[in-house]
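Each structure below appears as structure tokens.
Shared between the two complexes below is chain A, which has chain B as its partner in the first and chain C in the second.
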Partner chain A sequence: MFQGCHKNRQTGLGEQQGLQGLDARVSSQGDRLLQVEGLTKLFGTLRACDGVNLDIARGEIHALLGENGAGKSTLVKMLFGSLEPNVGTILWNNQNVRLTNPAEARKLGIGMVFQHFSLFEALTAAENIALSLDATTPLRATADRARELSSAYGLPLDPNALVGDLSVGERQRIEIIRCLLQQPELIILDEPTSVLTPQEADKLFETLERLRAEGKSILYISHRLEEVKRICDRATVMRHGKVVAHCDPRQETAASLARMMVGADVKIASRGEGTTAGEPRLVVRNLSRKPANPFATALKNVSLSVRGGELIGIAGVAGNGQSELFEAISGEVLQDQAETVSIRSRPAGRIGISERRRLGAAFVPEERLGHAAAPRMTLSENLLLARHHTDRTFAGKSGLLHFGAVKRAAQRISQAMDVRKSGDDPEASALSGGNLQKFIIGRELDRQPAVMVVNQPTWGVDAGAAARIRQALVELARAGSAVLVISQDLDELFEISDAIAVMHHGELSAPIPIAEASFERIGLLMGGADASGHATAAA
Partner chain B sequence: MGLAESILLTIATAATPLLIAALGELVVERSGVLNLGVEGMMVIGAVCGFAGAALSGSPWIGVLCGVLAGALFSLLFGVLTITVATNQVATGLSLTLLGLGLSGLIGESFVGSPGLRLPNLYVPGLTDIPLVGRLLFGQDPIFYISILLLIGVSWFLFRTRTGLTLRAIGDSHASAHALGIEVVAYRYAAVLFGGACAGLAGAHLSLVYTPQWVENMTAGRGWIALALVVFASWRPMRILFGAYLFGAVSIGQLHAQALGVGIPSQFLSALPYLATVVVLVIISRNRRLTMMNTPASLGQPFVPER
Partner chain C sequence: MRFELVRRPERSALFSALSPFLAFGLTLIAGAILFALIGQNPVNALYSYFVEPLTEIWSLHELAIKAAPLILIAVGLTICYRSNNWNIGAEGQFIIGGIVGSILPVLYPEFQSPLVLPLMLLMGMVGGAVYAAVPAFLKARFNTNEILTSLMLVYVAQLLLDWLVRGPWRNPGGMNFPETRQFDAQAVLPELFPSSGRANWGIVFALVAAVLAWLMLSRTLKGFEIRVMGASPRAARFAGFSAKRMVFFVFLLSGALAGLAGISEVSGAIGQLRPTISPGYGFTAIIVAFLGRLNPLGAVAAGLLLALTYLGGEAAQISLGVSEKVARVFQGMLLFFVLGCDTLIHYRIRRVAQAIAPSSITDTPAASSSEAAALEAGGTGGAR
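== the complex of A and B ==
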């Protein structure tokens, strides 16, 4: 195998030649399942993939690393036939193939487990599986075959359950079983662990290792470097649409892999000195909520207190009530009792978002476009929308708006958070995810809020921007504000929180001080174990 | 023939076009396409059905003309909304307006001309059975087609792989595309089927219900069919129930008006609409069931990445 790593940070010819040299070495090994040469995909003038070379041997787990927007998704879409490349060749078992749709890819033996699941919520698990099998399989037989496979690979599954009722981890099992039923040679997994508890992820790794032992190949897309080091045999790193390195992840450190992905060192937020926590600024008392729709989660007696100077993290697998809790705290949904939510010691359960903002709170919801920002409005207009109630400099008593002041504030925020944008005041949708998120967080931080509540602060944000956002949240807490961060990213919570509470099935655990928290302990709580550590519902 | 029997027969005749048009639209909406042009396709089916029968002398050729005209008219909608990905609501509304205008133009020379009625079924022996004979074996042929359609559509949607695929497309066309399902082809087929059904329902009006051509003779039945689909939570058996309820109240209120009950006639005329909506709202109040059956991608244009 490879000795050390082949890296080349220069772009251009030197890199291409270097990578071709590497391919030559691999091809001499034989037993190559898939080989990709010079694959290029253009979207307008954007080169989403630019001369990508990649090869996958039989019976290996091959990692595809890269930040958001590096071109990983575009590459795998081309391998799965849902996008057609402009230039380049794909060799499957040394045969040149053209993949024009996913059905062809599947026929060859390429299966895919999507990051954003391509499941049908209104159908049952068995029906979902039946849809991707060829038409000769009778519908009734599907449920039995699914059950057999799920027990063989240790992936428990009820074929007659409606997908809309299932947890994210269960949905992923359906995707995997659906993929395995087609007996693929190559399985593409797109960020499979981003929705799993650490224990669920361990189970997934066992399944993957079993598949490798059976001689199947796996293309494993992830940005979680520890995982890649743990289970992958080789790695291909992409940046800005180009392959920048092929390497053996076991010979690398997480930091060196991150450097290849980002192209620069990635800073870890410094937690700073823990100030002695002050008065409780945000208090939630016995919050219960019925599910607003059949797929929502009920909240059960959630209580929580965040003091000034403290940063509390809420962990949990998606869909366990985090969004419902955020809506109740931010005032998108009012409570029956005013005392259920109090902000700076004032009951706030019956007042709306703007009134809660006036009490000194700030909120950043999960969806950037359409919830935290209006996509087709400019940054300054978005700033005005969020803050015209709280900032007298933006809207005078006469009801007239002061656009000059708004524009200056938008500039100030952009500079403070290092927002990179085209033009002076672009539409929100014109910014990349990371830059827009920096602006949205900056918009709230700019007010120096006494209470800050953020849901998924760095979801889909590149590593550089994520580090900047985390640092800003830590600094706000150190300056004396109460900060509540809801996140699915455990690494992130461990990096910035003073204490971590866990949501499971609409219930919130007591916060665990960071000094006592471990991945395992938090992971067990995410899977439904009670605080004493006994698993109750962990699947 | 007893009064009860004749009332039941008229109810079936009033409900049949609603049932057929709503079943067609059900299939269209289950595939994720919202075609608000049912009224327009129906009235085109009515005028072409009448014209075909009048020109050929055969009511069966009329029925065929109605079906083909409805399907052809829906093809226009399909090209615009599926291929060109225009807004489905606006396109459907303009289809209705176009259909009403176009039918007036086509039917101008047929106004007042005598119509041909599709003969009722007659099975010697069976039709003459007292009480149930005429109800079961003596109705117009399209009534039997509507019942076959009901069974066929239910079986297709919930028992066949193709039906499952169609429902999956309606739930998420992006996921379906990712699986390699031909979303566009399925939607074209569904839209054409919906158009053919609306055309058949229209032909029933001008060849069975009132065998003549009158401008705007659909009188809002296309809209009722659309509402039936929604309030029936996209389930075929509930459409049957809704259509017959509407038919029953329509006929009932006519008899009430004839008897001169002391209720304003305007209220009685509105009663079928009111009763159908109220009853179907009550049976669809199970939100979970409704959400499970609502096609999640309904009305959203599908533009695959390329």
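== the complex of A and C ==
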């Protein structure tokens, strides 16, 4: 059983009171700022939130844990006024409130920092902040206020810097300052560290602790268990729309928290025997790319070699050139010289993605809907999307399609990867993120590619599906393929890679063998420490 | 207080299919009100407009004559629009097709051969395709907006035709009327059943084109490419499909079909070139394409309906004494209602109580911030 943890399977009021009695520490810490009782939200027949109870005291950092699709975002949307609950009450300072739009929530003192920022890249930080204030506030006053806040909370930021020039961490600071300017009592942070280096995350935690010391409350949404254990006072765990536990994360282990989230033990990919690596199958030589638009990252002299049987990971904060590198390797963007990219010893820099696939390469881009798959098309059509050039059984020389064969293959892939879907051949957008990702990975694995390049294999995917995908990638490498995984998730890379290289400002460090790699070392490289030196050494 | 459109979490399949019928029903109601307002008995007026033309054999032939160009053009536009390319200039490609196809009978009347007609049709298609290649090239090369360029080229084509028939191509024995010489029998598209009416092979071309286009869209890799390109351009690039080649393909194809419609009309229904050879077929075909749900077979049904509005307009002019512009009014209402129905099937209207606070705008400045956008838009995206 989970120690120090109150399980709350039913959602009766009595249970709730029991909870209050049990958790004495909370009441000693002060009054309740927000109390949610029996909150339920239906989408059609789906109970996205089912009788959710939650209370947040003044001056605490409260973690909201759960897998994708557990109902966290639905709950938060209701707290932020952009969704109205079907049933249930929200008490703010012990008063019943109805939140019908975000402006009302802001007026009460609820602020939110989104996972995906909404900033104009062509404007300065101060201008972006001013957009959220009354039109009458002069820009200079806003900039001064922002500067004040940034020094008070340890969020270094130049209000006059163009957002386009700022790192992801700095952009997040703008969002946080923008939120703080509204003087909120409760700040909701949605997966704030998913875009930060370990060192940047440390700085964020200091800021959060300072806010807590001032008596502000923070609702911290995350699936990173170590950091929840580190900074959160209490945690509420959700699964399938229900609250399954309230607990003190400091008294839990990461494994026990994961078990609550997932409902079962989480498997860790077994790396298997590191076979002796074979011939280089994917080689990138001195790849440089000018930025395609003012806000894209230039690639600077990237070199890399992946052997058969090897799984190389590329770490880095988002926006440091990973997507640009992926596009260049996949052939969605061609290179000037054919030798820049070789696939199975053939120069491939001048040929497109279909021809590169024919050389035995397979690609999985970061975005599932709209890049890897067309949302409004069926799974079998989406299978055809990536395989029409490599599988003659799908599309003959005459140009006629053989939908029977495509559908059978789609079924086979769904079975092999345990893709759970509603109908026989549903639209891609009807699948959950994890199931669609399993299908997209399976679509490539089914070909047994000699070279596999994956960008963010488990981004936004539930733990069960993520474990399955990681295992499949490891197995592919062990079977002799060259596998390149680009990921922001360091835990993932440490779990599956044979060596990890780091991308920063469009440069790629030399790969560090997993035995010599540590979080700290990789984290420093992600922050830009001396990456160029390594790249030169590699070139 | 103001209104905003909010995307529905799921659209009703039933209403999507019913939408063209709903639109037609609403057009009839609005038409009845319109007729009542100008002092006509709405029932009689609608009868003579929409039913009477269908009661006689000869007027069914006329329906086929009017429907043929509409369907031919709309089939091409359907393919174009499915790939997310917006050719609005089919009227111009229709006219150029008519002009280029008429080169042989107008300039070389002495060339007599059974090959004349096939050559004319071929040249008409080439003419339309080449004319459509202009906006395609401009889009692929300079990223211009094809809606504007293709539309503007319509006026160029109209003026070119006007100049030709008043100038160099005017019939030397035609008493200075602005028209070319009458085509010889070999240059005229034959009628299907000469005993009962004028309908010519144009309608057959239209039906064949519709079936072939449907087969292409649903059964071939090229059709798949077109659909992916329209549904998700980035996914199409990932699939290895080239957007630039697609621009040329769909513009050339739709231009060729419009050109074929043009020369068929000139050769079959008119028999010579005149300053005006189209009552706006190229524009009306846009309505046909949308009313036909961007499906080539749907375009056949929609083409017949729109042809009826032309016939009804003529009939109403005669029996009711109203302006023939009434046909354009009906066509406009039909497009308005079909687009309105489609919009309301995908979105619902939400009333916003007060003017939006400046602060709540900021969370949705960029399209990329989809999460924030969904939140602010009332969270209807929450079910995703």
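Note that the second predicted complex is superposed on the first by the 494 of 539 C-alpha atoms of A that agree within 3 Å, B and C clash if a C-alpha of one lies under 4 Å from a C-alpha of the other, contacts with A are read in each partner's own complex, and residues count from 1 in each chain.
Simple rule for what comes next: a contact is a pair of C-beta atoms (placed from the backbone, for glycine too) under 8 Å apart; a residue touches a chain by one contact, two chains touch by 3 or more.
Please read these numbers as outputs of a predicted model, since none were measured by experiment.
With both structures placed on the common chain, the touch criterion links A:S303 to neither chain B nor chain C. In the superposed model, A:R106 lies in contact with both chain B and chain C. Contact with neither chain B nor chain C is seen for A:Q448 once the two complexes are overlaid on the shared chain.
Look at A:S151: by the touch rule set out above, it reaches neither chain B nor chain C.
Of the two partner chains placed by superposition, chain B and chain C are both touched by A:A135. In the superposed model, A:N94 lies in contact with neither chain B nor chain C.
In the superposed pair of complexes, A:I353 makes contact with chain C only, with no contact to chain B. When both complexes are overlaid on chain A, the residue A:A122 reaches chain B alone and has no touch with chain C.
Looking at the shared chain after the overlay, A:S82 reaches both chain B and chain C.
Chain A residues in contact with chain B (one complex) as well as with chain C (other complex) are 77, 82-83, 101-103, 106, 114, 117-120, 128, 131-132, 135. On chain B, the positions that touch chain A within their shared complex are 159, 161, 164-165, 167-168, 171-172, 174-181, 287-288, 291-296, 305-306. Contact residues on chain C toward chain A in their complex (touch as defined above): 9-10, 219-222, 224, 227-228, 231-232, 234-240, 242, 356-366, 368-379, 382-384. Interface residues of chain A, counted against chain C in their complex, comprise 41, 43-44, 46, 48, 73-74, 77, 80, 82-83, 101-103, 106, 114-120, 128, 131-135, 178, 182, 330-332, 352-354, 357, 363, 365, 367, 370-377, 381, 384-386, 388-389, 395, 399-401, 429.
Chain A contributes residues 77, 81-84, 101-104, 106, 114, 117-123, 127-128, 130-132, 135, 139, 162, 164, 293-295 to its touches with chain B in the complex.
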